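Below, chain A partners chain B and then partners chain C, in two separate complexes.
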Partner chain A sequence: MKLYNLVKNEVFKMIGKKRLYITLGIAFVIIVAFAYGQYHSLDRTKENLSKRIGIEATSDWRQVLQQQLIDIKRRMDSPYMDDDRRANLRVRAEQMQFYLDEDINPLEVSAVTFSTKFIEQSLLFLLPLLMIILSADIVSGELSGGTIKLLLVRGVSRWKILLSKYITIILLEALVMFFVLIFSIGVSGIFFGYGGWTTPVVTGFKVVAGKLVTSDIVNVPGWKYLMMTYGLAYFVAVVVGSVSFMISTLVRSTAASIGIVLSTLIGGTLLTNFLEDWKLPRYFFTANLRLTDYISGSLNPIEGMDMTFSLTVLSVWIIISIFVSFAYFTRRDILV
Partner chain B sequence: MMAQILELKEVSKRLGNKDVVRDVNLSVSSSEIFGFLGPNGAGKTTTIRMIVGLIKPTSGQINICGYSIKKDFKKAMSNVGCIIESPDMYKYFTGMENLQHFAAMDKRITKERIDEVVEMVGLSHRINDKVSTYSLGMRQRLGIAQAIMGRPKLLILDEPTNGLDPAGIAEFRHLIRRLAYEEGMGVFISSHILSELQLICDTVAIVSKGRVVKSVKVKEIVEDMIVEWFLDKPERAIEILKERWNIDGEQSRKNSVKACIGTVRVEDINRTFFNEGLVISYCESHGNSLEELFLKLTEGDEIV
Partner chain C sequence: MGKNIMWFSILFIVLISLFFVCAGFVMAVNVSTGPVSEVSKPIVQQDLQNSGNSFNDPKTVNVLILGDSIAKGTGDETFRGIGGYLTDNLKNYTAKDITVSNLGIDGLKSGELLEQVKSGSLNNEIASSDIILISIGGNDLLEIRRQTGSNLENAFKEKQSAYIAALKEITKKVREVNKDAFVVFVGLYNPYDDQGVNDYAQFMSDWNHATSLIFIDDIKAVFVPTYDMFKLNMDRYIAPDNLHPNSTGYQMIAQLISRSLEDVVVNM
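Here is the complex of A and B:
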């Protein structure tokens, strides 16, 4: 009962200081821009294709796909291609072949495929950024505003107040994810039509030693695949939210808090360039954010990293963040 | 015997390698207004923060209504209302939303009670405005409202009259007296202005460099006069004071004697001096010893 009141307070504060609106506003603007861009590039692709191979738009997608397949094969034969890139292209070629064999049109763009694509693309930066904006000042804001002095002297234990803040972040992240989904379907539908719910999507690609293994491949309807993607994205949101919650607890100013989490995110992503040769960065949370790559099959595979590995690493990050936040916050002296 | 609302035993706090507060002992009972007086940086706010659990003492014990702040934090704190340093409120909320926010954390506070305290601190006409539009005085009033909302047994106010205009200060004194003497609250007020505390407090403790250097009943201070005589034989005057009333006088200038005379009447002393054949050119009073002590502390004090 009391925890419910505390969470309610926190949610009101998020609304009061406009954090929630800012987060949703940014998401909306970017979705509109992304959808518009996608619409234009689709137009351009169609034009290019009709110029090059003389077919009309995507009406005959098999022809387009076959043409692309030929392109890829030609590039693979190039003597300047290194082995890594070649293996990558081979996987793509095999994927296309699979679409042709199974009669699935991968070029079709609809509200559902757009929304799936959008969230896949935002996993690394946009989504974490939104979550940071939402959560980076939930504790540090009370410290810099001095209101923490009134919050902690109420006959409510510190851990309970911190818990209410953490719950609030988890809840509002779900809310933001929900709105991102609504926005992206709503907006992209205007450009591409509100279809694609039942179009089959192929998932279960596995790459073993640079070869595509198709034995586990399944077809799922578009809506289900969309839900899977958003489920994974929410998990990523919770991870980023937990880390930025921890930083927010450790530092006093909101600016420092946002700065630290952002540089961690960017720096950590740069580190992932060394993933092939250096084992350590793969235990960093940023190296594991692209969870959807494991189900869409578009990953440049790295030996030893799979869905289980990434989920484990990310879960450990959540647990550490929560532990550090609570251990520090319940002991620290409030001197502001 | 009045109930002890607040009790500090040998409380110390080290920050880095500095003793910010050293072995502070004090107690506040119900219906008592307790003044905590000290220059800036004497350790007042640190002591208050320890009382409300914002910082942990390095050693010593703090009890509120008999509950240890360390072991029974929730029970101890549910008896406290406070403002610490500045009345920082959520600026993006209205005054009313701020009060509702804090009221939601204490199930004893009803909607009627909120309206009642708003009335008490005189904020009714602006309570639905955003706090960002408030003056410091209005935020101070809102701070007092949130502190007394839960009918605490102990009210802690850190520099509460900052930003209040003279009328506001008078109103504030009236309110504090009412809370202490009618509702039985123990009130703990800190300030660096003696005259302000003298007017309202029953007891005043002076802190300097983290120590309580003196703790007195205000009733006694008023009688605690320092008198200076300008006369021809200061040595003799000191002897007489010692013999007759056991008062320690000191020669302050070439021809003068200064002494704290307590409850002895100046007229009696003057008559005795006269009868003993001393020639008094004039005598003057220097206020009381507390003020003198406090001034000495504030002037010569480097900040800890």
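Here is the complex of A and C:
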């Protein structure tokens, strides 16, 4: 049997099992709740933002912005400015210019900023959880249900069966990401309007020797930033999917499989508290899940940990998971 | 048949999604890895040596303005700031030329000004000045306002003692370099007076008092209070950002300063 047909078969099995709908349903409900909550705390969000940007929510933002823009331009000419701060100023000036040109109040929330924030927030728990629900029983379910025999007796090699299951996970994760994006744009747009696609977002932070370096920062349009966030989120999804796939192969019962991955996730997250002093936890996958912090610059840099490091660690976890799954599955005894 | 349509639509969505996330992933990795292109350089001092040549020139009065955004003139819609108006006012008292070098930086705190002064990079400027105007501390105090919590009192005391220590050090350094210049310190006003945040008003009053004590023993220094002038004139003197003075506000501050310096400048 060709791999293509096996994958197709697996995908339809997943759809039949309603597990996919549960995943999507949970995502949808949480997005609605999150957007509604965000909408209710909009005033407070604006207040926080105004403190940060220096605009009083009540005052005429155009005038203030214009004033700040001129100030920034003058400051950039000052000889007492180092490159790091100058880059900061340049980026801020670009943003302000955009807000003024497009007549966008910088305090407003849009569907795009909401969707970006949502996925950033859910990177550590919600997204992994969804992926665990999706993938934790793909092998163990067949084992505990005994249906694995039906697959094996068809004369297809074991590695092909396992590979088709793995590919199915990867594909369905992409499907879930797609719907999460559609849901969060669709729902938050009702509350905040469907704008923000071209609003500049600062990115390009780098960590050098444990310090956040801002001399390379640039503004990218909101849609591009959204893409970056989802790209990283998908990578996280693949990592968590691979790990739970491995556990699912090793364990017979679905409940045990979900339990193990969940406790690994939560326990591992707790371990990240010691990251600064204790080097070992940083090689654990949970310590590296917050990839978007590297592009948003909202991190507390830790010596030796940067985007390259985290991606390497996570990739190693994917490879190990796949290797262990295949090594174990092709050798284990299954009574036919 | 229906099964096939479903399969292909799923496949289609998945492929779009995969393309989307892969492109995003590549962009994200590109933007946040790789070597840093510009190595951040330490602050460069440019040609400050040249600007010191008017020292000892009996024909000019050199004014140096140090400190934060108030020193710089942020909020003034005509971009003249204290320095600009001060020049206008002082011209009435003397026939000499008046030069102003404004080294104010937005957001500067007392610790940062101390670093600047300590580093010696301003020595030429300080040495060649007849009048040194300092405005600092507003940003130190603003940090307290942005803080929330019950321990505001302690936080304030801590901030204040750090600030006073820094300011003492600053004035000491300035005096080491130039013991003849007249030092003018611009006191803080409370931009939030009309909002009835009483703690803050109390803090500011303490703060101003403690600051003024530093200049008491120096016969060539003066602390110019601005608090009383702003309190009831908020709408007239404060810029739309509700924090900095507007052009009228700066004119008034400059007027206060020039009045304090009237006799000094006449005799220069």
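Everything that follows uses one rule, which is that the second predicted complex is superposed on the first by the 261 of 336 C-alpha atoms of A that agree within 3 Å, B and C clash if a C-alpha of one lies under 4 Å from a C-alpha of the other, contacts with A are read in each partner's own complex, and residues count from 1 in each chain.
By our rule, a contact is a pair of C-beta atoms (placed from the backbone, for glycine too) under 8 Å apart; a residue touches a chain by one contact, two chains touch by 3 or more.
These numbers were taken from a predicted model, which means no experiment stands behind them.
> Looking at the overlay, what does A:Asn5 touch: chain B (first), chain C (second), both, or neither?
first
> Of chain B and chain C, which one contacts the greater number of residues in chain A?
C
> Please indicate which partner A:Leu232 is in contact with in the superposed arrangement: first for chain B, second for chain C, both, or neither.
A:Leu232 contacts chain C only, not chain B.
> Contacts for A:Gln63 in the overlay, against chain B (first) and chain C (second): which applies, first, second, both or neither?
Only chain C is touched by A:Gln63; chain B is not.
> Just chain B (first), just chain C (second), both, or neither: which does A:Asp333 touch?
A:Asp333 sits against chain B, while chain C stays out of touch.
> Touching A:Lys13 in the superposition: chain B (first), chain C (second), both, neither?
In the superposition, A:Lys13 touches chain B alone.
> Once the structures are superposed on A, label A:Asp71 by its partner contacts, choosing first (chain B), second (chain C), both or neither.
A:Asp71: touches chain C, not chain B.
> I'd like to know which partner A:Thr308 touches here: chain B for first, chain C for second, both or neither.
In the superposition, A:Thr308 contacts chain C only.
> Check whether A:Leu152 is in contact with chain B, with chain C, with both or with neither, and answer first, second, both or neither.
A:Leu152 sits against chain B, while chain C stays out of touch.
> Residue overlap on chain A between the chain B contact set and the chain C contact set?
8, 12
> Please output the residues of chain C touching chain A within their complex, sorted ascending.
Spelled out, the residues of chain C in touch with chain A are 3, 6-7, 10, 13-14, 16-18, 20-29, 31-34, 36-46, 69, 72, 74-75, 77, 79, 103, 105-106, 116, 146, 239-243.
> Considering the complex alone, what residue numbers of chain A touch chain C?
8, 11-12, 15, 51, 54-56, 59-60, 63-64, 67-68, 70-71, 74-75, 78-84, 87, 171-172, 174-175, 177-178, 181, 203-206, 208, 213, 215-216, 218, 220, 224, 226-235, 291, 294-295, 306-308, 311
> Can you name the residues of chain B that touch chain A in the complex?
49, 52-56, 73-80, 82, 84-86, 88-93, 97, 101-102, 104-107, 146
> Can you list the residues on chain A that touch chain B in the complex?
Its residues touching chain B are 2, 5-6, 8-9, 12-13, 16-18, 145-147, 149-150, 152-157, 331, 333-335.
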